[in-house]
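Data block below; observations after.
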Amino acid sequence: MAKPLVHITAEPIIPQEVIDLVRADAAGALNVFIGTVRNSTQNKAVVKLVFEAYERMAIKEMQKIIDRARERWPVTAMAIHHRVGELGIGDLPVVIAVSTPHRQQGFAACQYAIDTLKETVPIWKKEIFADGEQWVSAHP
Amino acid sequence: MAKPLVHITAEPIIPQEVIDLVRADAAGALNVFIGTVRNSTQNKAVVKLVFEAYERMAIKEMQKIIDRARERWPVTAMAIHHRVGELGIGDLPVVIAVSTPHRQQGFAACQYAIDTLKETVPIWKKEIFADGEQWVSAHP
Amino acid sequence: MVTVKLFGIAKEIVGGSTLTLDSPVANVEELLHYLRERYPEFAKLTSLLIAVNDEYARPATVIHDTDEIAVIPPVSGG
Amino acid sequence: MVTVKLFGIAKEIVGGSTLTLDSPVANVEELLHYLRERYPEFAKLTSLLIAVNDEYARPATVIHDTDEIAVIPPVSGG
């Protein structure tokens, strides 16, 4: 069964599945942003990340991103999937896919979606290092 | 066996395969552009597209795009796959995937790659309509 | 009494995933004041927002016992 | 004699995928002149470029019999 367009999951996200959710005959372009867990941050080796979500509100805020993108660009379809729980290096915290008639619209809508997600969606990331841990962006 | 980073093929391109070619532990972002065959162009229904490539030169020009993107952005890896032959509505003529440490670089490098591909890579597209056909961009 | 949900660093600052207030708060501003007074670590965060019924709320938003209230420390998804 | 590869609309204008010239051309400029004179349809295209050994060539680029020459009508990949 196809997954919903807006989805928070503890299971690995498969980009191809998210892409397939937005494929459409009326679209000429399909833009995808995939967040990946880097092996380092600010020159410090990362062991793993832990993501936590206020799920019901996060779903609403993700849906708002799609609604607002639609107001600004002729979006054919957009999907936003975010993972929660423990993620290792190379795992995928987020996959955003958007189909549009033309590519410039797709780049703009995709960038808007990930930029806004990082500002408004109630999801929190903790970086685990060999010698400590921190909630990202919590402190100035 | 993994496909090459720069590839021209008569077989369907599977986005997940192209994505997997550029995944890297040092990357925090992965941007993908997928061209899709639209069911219409300038309000005219499209039956199918035919792509033709000067393959040896196209491969060289696609490699130049990757080389130049690397000079401008800290690209971890970039793959460009282009399909040739007959494509139906919804088929994927091109898939570009790029991994970078941060997402802004990835959006810029990905957009540069598709914009430049459409200007420099010797590949030609013919649109087939119910009542005729035309080589795209051939005439002013 | 109002119970608030806690996430991320807010959960660690308070030491639990929910907190039931021991005195009433009329609105979001009073709730933020309550939290910063009892748990000074909240004052050190980059930002601190309150959601009422799954929506970001303004300082003047009134809080009812039946509302779902959540403490939103700086988000960092993606 | 030089043989040129033809692609896309150039193939249809000439009516074949290669063309062997029936008179010598010294450089790219002369080749373009040759093509536009024999096949006036080339003059109607948005652009017309020549590749010599898989690289875009300038008008002054010299053409040798051993070079691989290709006619590049307006590209439209992607």
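As written, the chains take the letters A, B, C and D, and residue 1 is the first residue of each chain.
By our rule, a contact is a pair of C-beta atoms (placed from the backbone, for glycine too) under 8 Å apart; a residue touches a chain by one contact, two chains touch by 3 or more.
Just so it is clear, the structure is predicted and the values come from calculations on it, not from any experiment.
Where touching is counted per the definition, the chains common to subunit A and subunit D are B. Each chain gets one centre point, the mean of its Cα atoms, and the points for subunit B and subunit D are 25 Å apart. Averaged Cα coordinates give subunit C a centre that lies 71 Å from the centre of subunit D. Annotation: 48 Å between the Cα-based centres of subunit B and subunit C. Residues of subunit B in contact with at least two other chains: 35, 114. Among the residues of subunit C, none is found touching two or more other chains.
Pairwise chain contacts in this structure: A-B, A-C, B-D. Those residues of subunit A that touch subunit C in the complex are listed here as 35, 51-54, 56-58, 60, 82, 93-94, 114, 117-126, 135-140.
Across the complex, subunit A is touched by residues 5, 7-9, 12, 44-46, 51, 54-56, 70, 72-78 of subunit C. Those residues of subunit A whose C-beta lies close enough to touch subunit B in the complex are 14-16, 19, 23-40, 89-90, 99, 101, 103, 106-107, 110-111, 114.
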